[in-house]
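Two complexes come next, and they have one chain in common, chain A, joined by chain B in the first and chain C in the second.
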Partner chain A sequence: MESIIQITNLTKQFPVGTGKFTALREINLEFHRGEFTGFVGPSGSGKTTLLNIIGSLDTPTEGEVLVLGNSVAHLTHKQSAQLRNKHLGFIFQTYNLFPVYTVYENVEFALLLQHLPAAERRKAVMDALEWVGLTDKAQSKPAQLSGGEGQRVAIARAMVKRPAIMLADEPTANLDSKNSHHILQTMKQLNEELETTFLFATHDEKVMGYLRRIISLEDGRVVKDEEIMMDKITEG
Partner chain B sequence: MLAFKLAFKNIFGAGFRTFLNIAVLSFAFVIIIWHNGVIDGWNQQARRDTIEWEIGQGQLWHPDFDPLDYLSYPDAHAPLSAPIKALVDEGQLAPILITQASAFPQGRMQGVILKGISPQQHILKIPSSKLETSGDEAPALIGTRMAKDIKMKEGDQLLLRWRDKNGTFDALEITIAGVFNCNVPTIDGGQIWLPLERLREMTGLPGEATILVAGDGYGGGGQPPWIFKNQDYLLADLDMIIQSKKGGGAIIYGLLLIIALLAIFDTQVLSIFRRQKEIGTYIALGMTRWQVVGIFTVEGSVYSILAILLGALYGGPLLWYSAKVGWAMPAASTDMGISIAERIYPVYGVGLILFTVLLVVLTATIVSFLPARKIARLNPTDALKGKVQ
Partner chain C sequence: MIRFLIKGIMRDKNRSLLPILVISIGVFLTVLGSCWFKGIFTDMIDVNANFSTGHVKVMTRAYAENVDQMPNDLALLGASEFVRELNTTYPNLEWVERIHFGGLLDVPDANGETRGQGMATGWGIDFFSPGSNEPERMNIPGSIVQGALPSQPGEALISDDFARRFGISPGSPVTLFGSTMYGGMAFANFTVAGTVRFGMRALDRGAIIIDITDAQAALDMADATGEILGFFRDGQYDGEKAAAIKEAFNARYEGDPDEFAPTMLRLNDQNGLEDYLALSESISGIMIFVFVLAMSIVLWNTGLLGGLRRYNEFGIRLAMGEEKGHIYRSLITESVLIGTIGSVAGTALGLAAAFYLQEYGLDFGDAVQGGGIMMPEVFRTRVGPEAFYIGFIPGLFSMVLGNALSGIGIYKRRTSVLIKELSV
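Showing the complex of A and B:
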């Protein structure tokens, strides 16, 4: 399988007062196209930091992170914005939908940045909404949606541009069990049908049940990296 | 274009707060146009009246004449040369003889300026023909300000005392043949208009004048010893007063604009504070920081555009109505010492409106950009968490 992310000796430190806090220590990982992988670990273990660096929202203090051949540390603001816009999709714990836009407009947003023609945008948005089963909510505002629907819109917004990598930070933390499974099934379907690589930061057992690779982090270090056999993966 | 689209959506999404900002800014917009329109209307009216009533198309001055120095008057006169006389006869120049005198209204003594003007002249709007048709022995014209000062009306008599060219005192009782109403105080206050030939006779200066007012046909230029003063020179004081009036007005509407802009600034600061997650999401979805700065800056511009539209909606009819019915000046304004009509009709030029539109859009954009710059320094990961930075 094609390798799309390579992480070599990654260390990330944050200034805290006069000192420094090390969030990630000498991480070495590699991810391939079509993976369905999760970073698990307690709060403060570095899951979100790792996801942010892969998403080029943050940069390494030391080491190198190559995403689709681009060294995150050496990208300009514009280049990293292009990388995010074209190849990366983000799903957040709190959905982060734009409250003044409709569902349709929220999903369309990423495509507007790509300056696609209106007809092409419309088709892509409706396809994405169909994927997540929300075509009937296209004209609703985020405030009119349930938590599960909100997160499905966030997924549609992330996948509408068909990114190579989806980064999901605690995507089910605000959802009940039924909605969590619904969301995870949607993401799994995307992963299988579009070969989109999914990377999760989670400590939700329900998510872990769907993962095919689990990387455990503790105090910024990888303590375990295990492949899950297909027959062990929870269905529904 | 994208920034405008997003800015419009964000602004309309903000609801009542948007309306308040737009309302305040539109009020400033309308007031700026109205105030400048009044000043421009006043300016045009004052210039027009001053030209029609006092300065014509320029004036020829005797070299010793200084309108602000009364002591120069006894020496500031000269006979009219043949070419000048020809121009006077053709109606291109109107000679005026000026001298100092004392009037004795109600037994009090008051210094006045006597001005001799030909009853046949048509260059100035002063109703000098009344000096010829009144049938009085010594007819005189005064303006309403002067009439009020000396408590005189048409038909009243007034004792004058003056010195002739040799410095000898003489006296005469004149009859007020007419009281004219004019907006130009410099031909009214403290002045008495007499028939030119009568004043020449009184002063012993036959065929002489102090100044000559040029009419439409006059080609311009001096006629030695007369020095030509063009309209720009003669209107310089008026222009200066108008400018200072504009400056004073600018302070008022500047304050109004600042209040409106402060509201936008405040909204933008609050927006950036409250919309951290949104900013982080914009960046995560592929916008550069400066593109996000652009959205927030354009939001300020959109406020101003909406304010202009709202201002046009209610301000258009209001401004049109004010231009039609004018603005009545208070009675005290006649004592201001400058030309001011009883009713000023504001003039709203295209230049004024375009300038105000530009001013409002530009200042609103700048005050939006100032807080929005902070976004360029935001850490997107903290912004995504909604952490205040």
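Showing the complex of A and C:
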């Protein structure tokens, strides 16, 4: 499989008072197209910091992170915005939909940034809504959706531009069990159909049940990196 | 993207309605205020020019020094020849003789005995010369309450308030007592042709207006006049041109030590009008400055509140790969749209109110009593071409400035904490 993310000797430190707090230490990882991988670990273990850096929202203190061949440390603000715009999708714990826009318009927004023609946008948006089973809610406002539906719209918004990499930070934290499984099944299906690489930060065991690779972090270090055998994937 | 922004503005009342209301009110007040002040100042200057100062005024030096006392004993002699000369030398001005006098107006009863008396301010103006603009200049035809304009010598107009006080009607006789040019006692009988009301307390308390030849006869001022007023033929006062004419005229008599030598004053130089003219010229600038300052602070705060409310929206847009500059520009574009809508609405409302007050005015008669400056009792707005844009530009500018200031926070946003911020 094609390698799309290479992390080499990554260390990330944050200034704290006069000293420094080391959030990530000497991380070496590689991710391939189509992975369905999760970072697990207790709070403060460095999961979100790692997602931040892979998502070019932050830069390494030491080491190198290559995302689709781009060195995150050397990207300008504009270049990192373009990388996120074209190749990366984000799903957050809270759905963060634009409240005044319809479901259709929320999903369409990502494509407006790419200046796609209207006809192409329409087809892509309807495809994305079909993936998540919300074509009938296209004209609804976010306030009219359930929590599960809101998160599915967020997934459609992230997926509509067909990014190579999806970064999901605790995507099921605000959902009940039934909706969590629904969301995870949707993401898994997209992962398989579109070969999108999914990287999760989570401590939700329901999520872990779907992952094919689990990377455990503790105090900023990778303490375990295990491939999950297909027969151990519970999928709910 | 523009359509996307417009939809957001239309649906998000907090993003649109509040700023549009703020802008509309501000623009409304600016337009109405500027028309209001323009109306007041213009009316005041016109009234003073037409009744008292002219655009320029020629008097003897001695008369000019005591002009408040209407000292006709210091009048110009050989007035008709002097007026002819002025018309030749300065043909772009219309020159007219005026005699301004004070006196006592006696109202007789049926037996010719005094029934009542009152102080009166009088004007001798040119009623009868062919082509004379004097009655129209003083808006006398429009101010007639009873009767008509004098049609022959010996007829007078008196103020309506005075006429009512003494029960005088057109056709009644009145006697003017005053002093002649040579210090003797003057009296002359007139028949009231009509009564006038100018809407200015200073004129309406007690006034008598007669033809200048009658005034010359009554005050023993044969071919003499207290004042010669010059008016630009287009009716518009031009301070710079007036200054040049004044300078040239006064230079001719610079070496003449005679106190009866003529001297010229501009409108600015009389009745303390210089300050009012300066204020009139700068009022628009002052209003725009105050408006932009106040509105920018209000809209900056509105923008900051809106920015806080939309903190998540901007965060998600950054995470989705929108550049900070693009978000900032979209915020400015929104402010241009909102500012335009608010400014158009405010301008329309302001113009509607200004046109209404231009037509009907507001009566401040009780508030404008006394004072050396003639002021109309009914204040009216005046809608000029600048009223159509004077509020629009600052309305738009302050909205954009307010959002530009509040939007700076977008540049200070750290993307490294976006996931944390967007997960709560």
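In this section, the second predicted complex is superposed on the first by the 235 of 236 C-alpha atoms of A that agree within 3 Å, B and C clash if a C-alpha of one lies under 4 Å from a C-alpha of the other, contacts with A are read in each partner's own complex, and residues count from 1 in each chain.
We adopt the following convention: a contact is a pair of C-beta atoms (placed from the backbone, for glycine too) under 8 Å apart; a residue touches a chain by one contact, two chains touch by 3 or more.
Source: prediction; values computed, not measured.
K.L.:
Between chain B and chain C, positioned on chain A by superposition, is the outcome a clash or a fit?
P.N.:
In the superposition, chain B runs into chain C.
K.L.:
Looking at the overlay, does A:Glu170 come into contact with chain B only (first), chain C only (second), both, or neither?
P.N.:
Once the two structures are laid over each other on A, A:Glu170 reaches chain C alone.
K.L.:
Tell me the contact category for A:Leu112 with respect to chain B and chain C: first, second, both or neither.
P.N.:
After superposing on A, A:Leu112 lies in contact with both chain B and chain C.
K.L.:
Which touches a greater number of chain A residues, chain B or chain C?
P.N.:
Touching more residues of chain A than the other partner does is C.
K.L.:
After the superposition on A, what does A:His77 contact: first (chain B), second (chain C), both or neither?
P.N.:
After superposition on chain A, A:His77 lies in contact with both partners, chain B and chain C.
K.L.:
Does chain B (first) or chain C (second) touch A:Phe92, or do both, or does neither?
P.N.:
both
K.L.:
So which positions on chain A get touched by both chain B and chain C?
P.N.:
Correct list for chain A: 48, 52, 55, 57-58, 77-78, 81-82, 84-86, 90, 92, 94, 96, 98, 100-101, 105, 109-110, 112-113, 157.
K.L.:
Per the contact definition, I'd like the list of chain A residues that touch chain C in the complex.
P.N.:
48, 51-52, 55, 57-59, 77-78, 80-86, 88, 90, 92-94, 96, 98, 100-101, 105, 108-110, 112-113, 157, 169-170, 173
K.L.:
If we count contacts the way the header does, which residues on chain A are in touch with chain B in the complex?
P.N.:
48-49, 52, 55, 57-58, 77-78, 81-82, 84-86, 90, 92, 94, 96, 98-101, 105, 109-110, 112-113, 157
K.L.:
Give every residue of chain B touching chain A within the complex, in rising order.
P.N.:
Touching chain A: residues 2, 5, 9-10, 12-14, 277-278, 280-281, 283-291, 379-381, 384 of chain B.
K.L.:
Any idea which chain C residues touch chain A in the complex?
P.N.:
For chain C paired with chain A, touching residues are 1, 4, 7-8, 11-12, 312-313, 315-324, 326, 415-416, 418-420, 422-424.
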